[in-house]
Every structure is written in C-alpha cells, then in structure tokens.
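Chain lettering (A, B, C and D) follows the sequence in which the chains are written, and residue indices restart at 1 in each chain.
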Amino acid sequence: MIGGPARAGRAVDSRRPRDKVSTLPDAIARYVRPGSRVALEGFGHLVPMAAAHEIIRQRIADLTICRMSCDMMIDQLLAAGCLRGLITSFLGNSSGGSLHELRRALEGRSTVKVELQEFSHGGMIARYIAGAAGLPFYPIRSYDDGDLRQVNPLIASVTDPFSGDEICVVPALRPDVSVVHAQRADRAGNVQAWGILGVQQEVAFAGKAVIVTVEEIVDDAVIRADPNRTIIPAQIVSAVVPCPGGAYPCSVQGFYDRDDAFFRRWSENARDEQAVPKWLRDNVYELPDHAAYLQRIGAALDRLRVVPAPSGSVDYGSRQPVSAAGPGLVVS
Amino acid sequence: MIGGPARAGRAVDSRRPRDKVSTLPDAIARYVRPGSRVALEGFGHLVPMAAAHEIIRQRIADLTICRMSCDMMIDQLLAAGCLRGLITSFLGNSSGGSLHELRRALEGRSTVKVELQEFSHGGMIARYIAGAAGLPFYPIRSYDDGDLRQVNPLIASVTDPFSGDEICVVPALRPDVSVVHAQRADRAGNVQAWGILGVQQEVAFAGKAVIVTVEEIVDDAVIRADPNRTIIPAQIVSAVVPCPGGAYPCSVQGFYDRDDAFFRRWSENARDEQAVPKWLRDNVYELPDHAAYLQRIGAALDRLRVVPAPSGSVDYGSRQPVSAAGPGLVVS
Amino acid sequence: MSTGARGVTDAERLVIAAARLLVGRRTVFAGHGVPTLAISLAQRLYEPGLEIVYESGVVGPHPDRVPTSISDSLLVTGAECVVGMPQLFGYLIQGSRIDVGFLGAAQIDRQGNLNSTLIGGDYQQPQTRLPGSGGAIEVMAHAREVFVVIRMHSPRSLVSHLDFCTTPSPARAGKQGGSTQASGRGVSTLITPKGTLRWAADRGELILTAVARGTTVDDVVATTGWPLAVAGDIVEDPLPTVEELRILREELDPERIYLR
Amino acid sequence: MSTGARGVTDAERLVIAAARLLVGRRTVFAGHGVPTLAISLAQRLYEPGLEIVYESGVVGPHPDRVPTSISDSLLVTGAECVVGMPQLFGYLIQGSRIDVGFLGAAQIDRQGNLNSTLIGGDYQQPQTRLPGSGGAIEVMAHAREVFVVIRMHSPRSLVSHLDFCTTPSPARAGKQGGSTQASGRGVSTLITPKGTLRWAADRGELILTAVARGTTVDDVVATTGWPLAVAGDIVEDPLPTVEELRILREELDPERIYLR
C-alpha cells in the first residue's frame, strides 16, 4: 500500500531546482554520454552549433546524431570521432553543397563507418511528433512506392480500419538528449523563439533530457509578458545555457544573419580530407570555449549583424486587478 | 495532354480575391448550408458566439455541429431548430452547469432528437489534427477499456507494427465549414490570436471552408511585423469578418473578460423550456445583428473590460537593407 | 452541508485533504473547482514550486486571484507558457509529463473507474445525462497518479457497478504500460467528505485509509456501495490547521465561489 | 555553359520557362535555387498574387531582395505567417494546400520518378552519395502538380532506369487518390536547358512539347535516356522577352548567385 496521507503543516520543496542555468561544458558533460542518441535540431536557424562543438571538444564517442537537415556540423562530428550513427532526412551541407567528410564515409573512401537511418523530412517530423506525444508510431501518406522503404525497415505500414487501405507509418524517435538553440529563456528554462521554428518544440518534448542554448537569459517578467511565445516550458528542460552566437554560422532572427560564405567555403575545403581535422584543431580543440571561437571569427560575425524590425506589442490584459474588484491576494 | 506552355508576357491574375472581408450575414449565408457539418470552436476563449447567433437568425437547419466543449450556444442552436447532429467531447455549459435544452433532447423529454457522436477531448483533437493533416485516422493511447468505445463505432483500432500491440484510432474530421473567433486579422485573412488557443489552428486547417470572426481588422503591416503570431494563414481562409464582441459571453484576451454570471444564469434559466425560445426571440430574432445585441447588453460588456498587460516587442530584424548592401530592389 | 470539527465544511475538508496530498509532487493537472483551490493552498503552504498545467493549455500560471474557471483570462496574463490543445493533450498528457491529475466524477467503483456520462437508463436514453469525458479519459490514462474528489459520499456515488464507464482506470485490466496503452498508474487516492481511500496494489482496489473527524469507519463502510476494505493502519484525518483554514477562507476564496 | 539566342544562358532559360508556367497558379512551394528566382520573376510579371510557401515554414514572404537560401532571415522579416514544420508538412503539404511544388533531382525517368540519393554503386556503398529526399517525397506526393527543373539534359539525368527511386511520382503505379495514398498528380512538367516535357495522361509518360532555341527535336531525343515521344503540336520555346531578361539580370540576381 502507498503510505498514508501527508502530514499537515510540513512545508517541503521536493521539486527539481527551478534555476537550470548551466555552462555549456557542464550541460554537455552531464547529459551527453558515450553512446547517447543526441538530437541537434534547428532548420537552418537556431542551430545548436556551439553545443556540437562542445561535444567535439569533450570527445564524446559513439553518438547517434538525429538531425533532419545536415550541415557542416555533421562533417565535424564525424571527423572528430563522435558520430557512429546518423538519423536524418537530408545529407547535404544545408544549401551550401556537399558534406565531403560524410560522403567519404558513406562512399567507402575512408576507414570510418556511419550507421545511416534515412527518412524524408516528413518522416523525421512524424517520428519526433510520435516521440513527443507518447505514440508508438505516426502515420504518413507517402513512402509507399519509393526505394527508401526497401532499404529502411523502420518504414512500415498499417491498415486504415476505416477504408481498408494500407498507410505507411514510422516509429517514434525519443532522443536521449535533445539540444536546440533559441533566442531567449528565463533561468527556469521557459524558452521563447521566433522566426523559423522547424521542429524545435517537438524535438524538445521528444527528448528524455533537453538542453537549450540561448542568445540571452532574460528576466521572468520578460517571458511572462508573452506566454504564447514560449515554445518549450520549463517543466521539460534539463539545462539552459547562455550562449550568445551559439548558432553561428546559422542565423538567429533578430540577432545575426547566416554566413552563406562560410557554408560554401566548408563544402569547398572539406574536399581535402586533411582540412577537416585541421579546422577542428584550430577552431575547437585549441580554443577553450565558444566565446574564444567567436573572438577568433569576430569580423565575420560583425558583418552579419542585423537591423531592427520590432514585432510590436499585443495586449494580454485580463479583468480588473484585485484592488478594483475587492479583497484578494497574490496567489503565487 | 495538358495544354502547351504558358505564353510569355501575358499578365494574368487568376487567384481568388485577396480581400476576403465580409459581413457576418454574408459569410454565414454563403458557406453554411442546410445539412452542413459546421465546426464552431474556441476553448472558453475566442468562441464564435456571434456566428452561432447569425446561423440561428438565418434559421439554417439540419446542421451537424462539431464543438469539443459545449456551452449555451448548443442549447440555443438546438432550440432554434438548427442542430441535428452533435460531435463533441463535453456536454456541459462550460463550467457553468448543465445544458438543459440539450439534456431534454438526450433524455427523451422533448420531441427533438440529437444524433450524438461522442469522444473525449483527446479524441476530438486527434480527429481535427487528422482532418487538417490529410490523414485518414489518428492514433490515441486511451479508450481501450471504457464504455465509450462500446457506443461509438468510430473508435477503432490498428496493430502497432513495431510492438504488435493494439492501439485505438479515430477517423479524420473535416467540417464543411470551420468557424473560429480571433483577436485580429488583415483583409486577406491572415489571422493572429493569443491567449488560450485551443484547436483554432487545427480546426481551421481541417475545414473545407473557413470563416474567421475577429475583434478588429488591422493593417497588413501589423500582421507582418510579427509573422509567428499568425495561427491561420490567408491561403486557407474563405471569409474574414470584423465582429467586435463576437465571443461574448466568452472572453477574448486583451479585449474583454468572460461573463461567468451569464453562464450560471443560463444553466438556471434553461431549466424552463419556455425560457430558451424567449431568449432567442429577444436576443437574436428580434435584433438585426450582433451589434444590436451588444447594444442591448451594453452594461454587462462594460463590466468585463480589461486592464492592459502589454506583451513587449521582439526583434525580427534581418540583414542590412539593400541600400547598405548594394544594388537590388523590392521583390514583392 | 455538514460541518465537522472547527466548523469545517465538506468542501473545505476536501480542499485541505487534497492540498496535503500534493506534498512531494511536481507537475499537477488542474481541473475546475476543488482542485484549483487545493493547488493554490498547497502552493501557499506546502509546495511553492508546484508546476501547474490547466486543461486550457496554460502552463505555469501566476494569477493574482483564484481563477473562476479553467479558461479564466487571469490564468493567461503573466503565465510562463500557453500551448494549444494538441500540444497539451499530445505532448504534456499523453507524453507522460503530468505527475498528478485531479478528476471528479458522479460515480467511482472500487477499481477507480469513473462515470461522468449518465445516471440511470442507458446511453441511448439516459435518465440523467452528464457532461461526459472532457479530458478525463486522457488524464486518467497518462497522469502518473490520479486524485479523485467526490463531493458526496454515498452508495450512489461510490458504487459496485458504474452506470457507464466513462473513464477506465489503467489499473482495471492490468493494462498499464506498454507503448500503446495507458502509461499512468490510475487512481491513487479518492477523497470524499467522509474520508480518504487509497489504492492497495496487493488487493487491486481502493481501501479506506483515513476517516474524517465526526465520522466512523462503520459509517463510511455503510455508505460505500461496495464491500469496503479498511487499512490496518487506518488513521483519523488530522484536523485542518488554523493556518489552512485562514488562508482558504480569507485569502483564496473569500467570496466562497468554490466553497459553496 | 551554353548561351542560346540573345545570349540567354541555360540557367536563365530554366528560370524564365518556370516563371511562365506559374501563370494561373496560386500556392507555390518554393525550393532553393531556380524556383526561388522563377517565383520572383513570375510575381513581378505574371502573377503578382502568387502565394508562396517555403520549406522553412515561411508562408507569404515579402523579402526586399532575392533570398540566398530557404532559411534566409530575409524571408521571415515582414512575412505574413511562419509555421513550424509539423504544420508545414502536415497541414499545408499533406493537407493538399499546395498547387505547385518545385523539385530538382539528379535523375528523372519517363514516369516522373526522381533520384536525389545516389549515382552508381548501391545504397550500402554508393559511388556518389547525394543529399537524399529532404521534403521532396512529401511535396511530390501532395502538391497538386510538380514542376521539375533539371540543369543538365543528358542520358545520365533523363534516364530509362533510376539508380535509386528517392521520390516516386504518384502517377507511377496509378496510386494517386484515396485517403492513404498520395493526393497529388505528380510531375506535370519537366524543364531542362533543351526543352520542356509535359505529362501525357493518355500515354502515362513525359513527352517533349517544346524545344529551346538553338536545339533540335532530334538532339533532345538523342540526349534523353528513354525513347522520348514527341507531341504532335510541339513548338519552339518563345524567346525570352527583353523585360524578362532585364528584370532577371538587373533586378533579381544582379550578383548572379543563382544564375551562375
């Protein structure tokens, strides 16, 4: 039998600490373990690039990386020996060209092997939604005739009980850790983001642990003035990390633009397999942290600064305050 | 064969009119037909109450109403002879008590019959998502053991191909017309809302036609300053109707509060089956439109006015404008 | 309405008992009425860090008064987060992010199954039609544990056989767990004006673990619709403290909106 | 890069041909590259009311320049709506809200099936690994019609047999329609530097309907990997207008980001 009723009058605070602010090294060391399945998401925007570099810096091995739309981060994790498996739906360097380190591995031109699990974007989104919503699978109206289904046994089908026809389904994806970047959060981990949102909300809810890197930590009052802007509530966040510039060379709406030239250069330079380890040495291993990296590339970032475009304010007003309506008090 | 390539240089504009602003009588008359399946949604907030009254005023019969959480609107539509079927997951007057007109019908104490299709909230949400996403069904991890499944043949099951276990599914719901209320829209029908959002986005995408009533029509620039606030894009909207006070007695965040007393009075008064037709006569049939109704209840609305609570502004800035970056132009 | 020791009403007893049960809990799903007050009281006295989720999608509300409904705009102003219902029911409830769900019902049976659909007659023509599930089916299936509050303790509400099983408790058919079934453990606690019943896993049913002041075990057993088992270590409910009553009556619900 | 009449490059020809095809269309799903430019040109000259949806979730963008990628922050600033990817892929694409989808590929066959996964070898060890589907599978399945742009017309890109079928055209197995299958009609038009191929429903394959200036029907047939049928009413592509070229070269892509 479960114990008797709680004793009256005992003020206990048994919850997890409300303040979840952490450094990036601490958050990565605590939640990303060798062999973990790690989602690093952000669709060309709000990409947790600094977090990926910290994983590289800590040389955490045997990871299975979940990332819908790959970019140079994947070449980097692979060259650093962190990446064993890849669950993805686009294997290019965003729109910048090829990922040559990844191609060398997949084309059998290097000693590294990658265990590839490949879907379409729709399939990856479906897998994350199922993971977030506690569903075993998610139905999707496509895939039926292509060759992807022939090479990926995780694309299955069920019979629609209403029409009797077959429909494809993909299984839930629940990363051990989901990592995303966002514009801002409070210290408890209520995360607000705007611009291109991709699957940031779904991958966070799908994760068993959630690390969020943000451009800035803001006061509770900033978050609570606009609760619909919160895409990830504090309840599900494990660590929130102040990390300005943490998405570079990807963009953060209202903070900095994408460095298209860096994307193109990566796809050019990584043709040379010596170039990738050298880049890692100069930009990750020999630097103590992300701040040092930003300092190193300072001029590039300056060129990406944006001009303001304010959203305007909406009114969250509710009924007359207590003083006008009669007796009462602040509940919490 | 499809015709040859389009001829060059011919400037044609074949799209639907971009300006979709309509009066409420016109929008209802055009899209709500006898026998239609009509979703009227809003979870205690942004409820399209004025639209329901206009349906009553136009005496449109044989409707199947889709509404997750019922309120006095259902008693009213029923007493007015508009409602034949009801697809729902909560048959009370929100938190205000019973819906006595509906109970009289369901308990066999009146001559009216209601074809009831009943789910839980989770089931209704699942049906709307499937309708919006073009899926034939949606899986849901519940229902398995309850009696609802015994009385509702639309709750079916499929075998999860990954575990071999059964899981319940509900079929897509695609209303002929989906009607929601919101704070604001532009003339094209880009709809912005905040506060409690319920299933406003899903029911809109699930609808074959979409009517949105709004507190105010705003300039394009207001909408476009904060594109993440747009929950329904103009593409899918059939008519946008300026309709201040259109959710009363339900609330609209930042505009007016809920009239709890009206809810309680309804559940009291509707015990008397004569009271409902009388209410309809005085408040709908004998009034020309919603503005007249608001005038009639003027003092009640005044008590519900809210005090401001601004959201604050975020920055949607992007890279340097053309003038700073070199030659170029405004594309659209 | 009966008043027991210190003139405590049934409604007050329910709220205070429920508030005490929230010690050690983190994320609570709040319904209308008693749960709203119980959570507010618990936040004031026992668990200031309770994380509250309302059925309207409000997560982490900070109202300046007790809200009058779950869609009260007070809950939105100054809240930490508001999500749509797909996220609420999909990611927070079915995604097993809720520690405690509060539910009410017209009838409950010994296994913790609930009826909020009808009393008498049958589904096609009930004698009394009630509102139905709302979100109860999902909350029951997926909250880690469920507290049920019944405002009238009688053989007509604590029944041997439900007139309709709206909301099956996961414990019912041993179906809890697995990736396609309910993920919660069902009703852990039932609070009534006469006492507290808790789930006895060894017996697979709710048993009496505490009686309210002014009531006897025999009376509770006699007014329960099934042969009610009594815990060996049964206790009498501790009295409400002066502080609990003062906050409840003077601060949280001075107009007795919920304490009616 | 070959230049035809009026010194028109292949890339320019592709963009102008695609822009003209947008006459009479409403909601267009835009990909990176040629489609981005084609849509901008069509909005300027032929269909000012085109409603554009980007794979990044931007709906109704109003950029002040041609964006450099589909996640360019320029697309967000001043847009009418931004949705998450679940809404984009679920409600807009699978929900059949897209009239025209633009896709590219390394290979296409006569049925309009696409390969963007690999060239040579097999899936386990390809000779050349390409990026894979991205959102192409869903766009192909559910856009009302699909325009494919291929930047090199050769028997290696217009093939009799794909090295890998990444993106099946709904027309392929007559599976279009029904509530569980693709809802779109598949590839209606293929644009290459040498001409335009359109879907012939009676034959169930793509046939040549127009040839570019400076090319002959025989040349197009010879450089196509399957026995290419030719439409009875085949035409020569109308020349780009001076206005089309001026806007494209001077206003839309003066730095030749896409026209490279």
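Assume contacts are C-beta pairs under 8 Å (C-beta built on N, C-alpha and C of every residue); 3 or more make two chains touch, one makes a residue touch a chain.
What you see is a predicted model; the values in this text were computed from it and never measured.
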Partner chains shared by subunit C and subunit D (touch criterion as defined above): A, B
Most remote chain, CA-based centroid, reference being subunit B: D
Centre-to-centre distance between subunit D and subunit A (centres being mean Cα positions), rounded to whole Å: 30
Subunit A and subunit C, separation of their C-alpha mean positions in angstrom: 37
Residues of subunit A touching at least two other chains: 129, 134-136, 141, 160, 162-163, 165, 167, 194-195, 197, 201-202, 225, 228, 253, 257, 306, 309, 316-319, 321
Junction residues of subunit D, two or more chains touched: 58, 72-73, 76-78, 82-83, 90, 94, 142, 179-180, 183
Touch-based graph of the chains, sorted into line, ring, star, complete or other: other
Of all residues in subunit D, those that touch subunit B in their complex: 16-17, 20-27, 40, 43-51, 53, 58-66, 72-74, 76-83, 87, 90-92, 94-97, 142, 179-180, 183, 188-189, 196, 198-202, 207, 209-210, 231, 233, 235, 237-241, 243-244, 251-252, 254-255
Subunit B-facing residues of subunit C, complex: 32-33, 55-58, 68-73, 76-78, 82-86, 89-90, 93-94, 117, 121, 123, 125-138, 140-142, 164-168, 172-173, 175, 178-183
Complex interface listing, subunit A residues touching subunit D: 43-45, 68-70, 88-92, 94-95, 102-103, 106-108, 118-123, 125, 129, 140-148, 151, 160, 162-163, 165-167, 194-202, 250-251, 253, 257-258, 260, 306, 309
Residue numbers on subunit A that touch subunit C, as the complex places them: 1-2, 4-16, 18, 129, 132-136, 172, 186, 188, 190, 201-202, 205, 220, 223-225, 227-228, 230, 233-236, 316-319, 321-322, 325-332
Partner subunit B, residues of subunit A touching it in the complex: 134-139, 141, 156-163, 165, 167, 169, 171, 183, 192, 194-195, 197, 222, 225-226, 228-229, 253-255, 257, 304-321
